[in-house]
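For reference, the structures are reproduced in the following blocks.
Paired with chain B in one complex and with chain C in the other, chain A is shared by the two complexes that follow.
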Partner chain A sequence: MSQSHSVARRYFLKTTAAGIALAAAGIAPRRARAQAETIRIGFPVPLTGPFGTEAKDQVAAAEIAVKEFNDAGGLGGRRAELLVRDDKLNPGEAATRTQELIEKDKVHFVVGSLSAAVQLSVNAVTKARGVIFVSISQSDAINEAKDWSKYTFHEALNPHMTAGAVGRYAFPKFGKRVVFLTADYAYGHEMVRGFQRAGQPLGVETLADLRHPLGTTDYSPFLPRIQALKPDLLILSNFGKDQVNSIKQATDFGLKKTTRLVAPVLLYTARLGGGPEAFEGVVGGTSYYWRLEEKVPSARAFNDKFRAAQGGAVPSDYGALGYAGVRSVLTAAKGAGSTDPEKVITTLRALKYDWYKGAQYYRGCDHQAVQSVLIIESKKAGAMKNPQDVFDIVHIDPPDESTLRSCQELGHKA
Partner chain B sequence: MTGITLDLLLLQVFTGLALGTIFVLLAVGLSLIFGLLTVVNFAHGAFFMVGAYMGVYLLGVTGSFWFSLVGVPLVVGVLGLVVERALIRPLYGRGLDYPLLLTFGLGYVLVDLIRIGFGIEGRTFSTPAALQGSVDIGVGHFPLYRLFVMAVTALLLLALWWLIEGTRYGLIIRAGARDPDIVRVLGVDVSRVWLLVFALGTALAGLAGILAAPMRGVYPEMGIPVLIEAFVVTVVGGMGSLRGAVVAGLLIGMVVSLTSLVAPPMANISMFVVMALVLLLRPSGLFGRAGLMG
Partner chain C sequence: MSALRTALGRVVALCGPHRVAVMIVFFVVFPWLMPYKALAINVLILGLFAVGFNIVFGYTGLLSFGHAAFFGLGAYGCGIAIARYGLPWPLALGAGVLLAGVGAVLIGGLSIRRRGIYFAMVTLALAQLVYYIFYQAEPITGGENGLRGVDVRTIALGPVALDFLAPTVKYYFVLVFVSLALWCLSRVLESPFGAVLEAIRENETRARACGFDVDGTKLAAFVLSGLFCGLAGGLKAMHLSIVPTEVLHYQTSGLVVIMALLGGMGTFFGPFVGAAVFLLIEDQVSLVTAQWQLVAGSLFMVFVLFFPNGIWGSLLQWVGRAP
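Let's turn to the complex of A and B:
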């Protein structure tokens, strides 16, 4: 190969490269502008796996919030878009998807997550990259100072609030001798602590705290002992299939003759899966149940929008959280007139909102949504007016910061 | 632990027996297929799940639990016939791992087919009205439905025992399991025997599915823990031994129940401790024949 030939080729390469770079530079600003026009919200939820039903409901409800925002003209013409990703209920998967959402899809906000572990991993990613994350998981581990950042918001209830509200309702009404049947992991333990704290001033006595392995299918070995103890209350601090099976089998063992069954969180979907016979008379807490519309106008408005979009179906508790989380960030972005995280944080912190269940706001120190807890009782098959009429709302525990774990307790300064 | 009275202990033992009966029911189909065909059926949990879903479907169509209870093993048995004829038969004589891998994959396919057909969220399956509630058995209240399941399982085991040990057909099955070539020389169509045994094993898995549905609920992943439980029982009892499956099932039910009384969080792991101990002391299980896996 001759010298001149080589030089000529290098020259050719250099000029073409420069040409391409120039052309690229010409395109780049235009694309960046185009991207700035939509507001993108990343939405990692467990579409596949045991909570697929809840996750799909969350997506359906979140889409309503996006549509509302767009129909109202968006943020000065900027429309919103929901980018749904399947976190597969797996913290590693969730972290990867969230990272992609932020770096590749350039989302402005992240709303979502259902499991406690997924929430922690999503929060770690959003915190490191300075992206606002509104969690709709029932656990509040991310509100503790060691994991929290100013970008972290928590829209759902937390174990302490739910267990406290249910305990304050149930102990005076049903009795003070209590047995716990608890899923042996952080969520179950947190619930038991919440109940015991609420029960202490009322003189509640724990007869036994039976811890069962997560995912137990047969609860019969635990039930003879509970039967022998004859507690006033059996509190089932477990979730999903575990809750359905343990309630079903406790009912079969005739426990309801002597004992009231109580669950800290009673999900609409779990009750549909378990059937009316097993759940009859079971009392529990929830963030939302559609019949709140009989008392709260914003609930009616939300239900009507959901019914119109979903062929008459009513939103579940988890679904409603998806709506609330997305509506909060979009409203805050509109209020700030920008998607700049610092500005949106300021408006979110100042937000006093009533999206679907009455007055709410995010607490200053940890951004936990201060809100009401509904106490519901599962209806008997004969008393149901339609298949959606599964619970009665027997009490509403009003929003009150004193029912939350204090800021100091979570490790925050004030 | 305080407060353990004699009544409680007796009820706990009885609960353990009932739980053991369910374990036997879950394992018997798996054990049968392995014992006679030397096929490790990893789709056992999936057939169990299909049985529960067929139960939901038939109950919806006919409204009768009793009809469904008879219909489900028939439907799942027919599915077993198809699977054996189309998928398992070409793999005979190729070693243990071929049908194992095939059924492993088949399990996933069945679970996803059910997800597509019936949705991912699971179905309600109420205890039949005649079997609801609990009865006083002297030491405490016990669910009527579990007593019913115990009775059905006992009858089923008697019938199986009679079929295999007491009939001409059972003689052919046993002979076919020991030396298929000689049986073939004697003019018996061994492949038809295997076809029917496989179908019987899957029918039993399906029956276990509908019987378990009122206790455990119905959802696509319901077969996963069952596959594990059935394998533990089969391994402890000795791969392929029906008698072993019965003894091991009851033993494990008892161990899980008593562990739950004294150390609740250890309930699940206790069955694996039993399995580890048995495998250390008797590698081929309580009643297993040595060298069957080789």
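Let's turn to the complex of A and C:
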């Protein structure tokens, strides 16, 4: 009896000890893992769809920022990881993917998007869940108090800044009689509004604002009317393929003889696709063009890293934004010593940075990145030194808060 | 193989009378079979959309190419009620369903006078009309930027406030509505009205000769279908917390046709199978390659060519039960 009792007791002791040891072993690695937990950055971009080339460039550039961070030792040993998701240029898909990134993958930050509607939908999801989102594509609405939250940062230019800078350069130089050819959606409307605001003090006259549906391929109905109006400037507030098609057809029609063509955003990839003949002499704005490296050392450093990683290719305008957005959050996390959103927001707000294009900072009231706007002109085929040498930087509009809409106008209190 | 077939046949026969209950049990464990919950919620919502569409397509035999209109009207109705008028979610969801119902009365009233390809074209044209109205009405709908501010964070149930941002809570919230809708639909299909629908699908002239009000029944089916799609749309708005203009786009109309055909038209569970398979392919394949549509399209062609009854319909046929 006593023997069996002692056996049971010994058995009990043994199993308890084993149990405790097991439990301890179970807890210990988990705690160790929590300390070295990777910093996950969700990156929804439209890999499928018409902006696939830009999206791939954004991913490539963002990966450089991640690698840089990891090579420098990360955040006290915590490495960063980029979780790329295809948002298919569809706001509904983007909202679902962002929920996945936050709920399943437990990302610490979201950076990405390449469409006004998509960034607003990602923003709706992240702000409800208190996750920092750095948008890298153009929109005016995201700055407005209605959509904005303290978790929202806007690394890209917005239409108001871009159109304003291009207008201030183009109106005094080329003339005041203007016709707009505008893609009929938020982006186009916001650009036109930006040009008109910049043109008002200069006495610019809008002869006509012609609207075409998104994805129009035939612009011939508009061209005779534009020619009859004899404007000094034709401003093409459209994007991607629409821009290529409308510029090509306007050139073929002979509009360039009397009129200067201007685009608020002149895309590097659109110019490569459209060819030098059609784009010759077209003036526009951009957030970045690789030849900025002739003037700005950080641009050279970034281009060299990109060339090394991508076999000599140079980063495009939207691609570079992927680098800047990711580098900002990672730098801020390092500065805060944590991925806690409140702490990272504080460091992001205080950040004065020069990642790739000169000095920048996020404005206090709406977290808009205050930055320079480059004015570029498309080169003649004969003047190009190599296939990547497509634009001349003719002017740099310096970073200045007064070129943004005021905080009060956007509905912010401060 | 044949033993498996008979066994499966018996299971299906046993489940048949309790199909709604069996489906609900399946959906309770379903989120754990999916890669993540937001996708499971999308399957429920688009499955319900396809079920609604199946009422006119699979049971009545009318191919509509404009069902995005009802899905979108439900989404915008619910979304605008919350974002612009600050209504509580039950009223907003009701408003979405109601708006979709009104839309279905108007579009159905105009289109059911035609058959076949003409019916499809009329529904497509009218749905595009709805799309452009909502696309242009920027102050109310947000236009191309989409409607933001459909912000439902907690669901108050008496003294308990459920956290609607928690994916599991949201899934079961949506499941409650999907279950209720399925139960209603099951009762409707078993009623004499349901039998008339199938009679019209099989032979419209004979149904008319038997003294049934064919036009009235078609319109009733169309409106019922619109209400189900509207409910799915309203749930979508709450799920995403935005309403993108894509909900009204004709591609959404095409998507629901693909889902219904892939799963099995005229079967009760098929639309959910179609939605789940399509969304899973889209989700998983697009992680690997940007050419995911190639895979989805090939699968769709295989089923249309070799298994016209769809995944679920073919399975039912294989175990010896006509779909």
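The rule is short, and it goes like this: the second predicted complex is superposed on the first by the 379 of 414 C-alpha atoms of A that agree within 3 Å, B and C clash if a C-alpha of one lies under 4 Å from a C-alpha of the other, contacts with A are read in each partner's own complex, and residues count from 1 in each chain.
We adopt the following convention: a contact is a pair of C-beta atoms (placed from the backbone, for glycine too) under 8 Å apart; a residue touches a chain by one contact, two chains touch by 3 or more.
Just so it is clear, the structure is predicted and the values come from calculations on it, not from any experiment.
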| item | value |
| --- | --- |
| Which of chain B and chain C A:D147 touches, first, second, both or neither | second |
| Which superposed partner A:G73 touches (first chain B, second chain C, both, neither) | neither |
| Partner chain in contact with A:T48 - chain B first, chain C second, else both or neither | both |
| First (chain B), second (chain C), both or neither touched by A:V125 | second |
| Which of chain B and chain C A:D252 touches, first, second, both or neither | first |
| Which of chain B and chain C A:G274 touches, first, second, both or neither | first |
| First (chain B), second (chain C), both or neither touched by A:P297 | neither |
| Chain B versus chain C as contact partner of A:G337, first or second or both or neither | neither |
| Shared contact residues on chain A - chain B and chain C | 48, 52 |
| Parts of chain A lying in touch with chain C, wherever the complex brings them together | 47-48, 52, 85-86, 88, 90-92, 95-96, 99-100, 103-104, 116-117, 120-121, 123-125, 128-129, 139, 141, 146-147, 185-187, 214 |
| Residues of chain A touching chain B in the complex | 48, 50, 52-53, 184, 210-213, 215-218, 220-225, 227-229, 241, 244-245, 248-249, 252-254, 257, 269, 272-275, 277-278 |
| Chain C residues within the chain A interface of the complex | 35-39, 42, 138, 143-146, 148-151, 153, 165, 167, 236, 240-242, 244-247, 286-287, 290, 292-293 |
| For the chain B and chain A complex, residues of the former touching the latter | 3, 5, 7-8, 11-12, 15-16, 18-19, 22, 120-127, 132-134, 140-143, 145-146, 214-217, 219, 221-222, 225-226, 256-257, 259-261, 264-265, 267-269 |
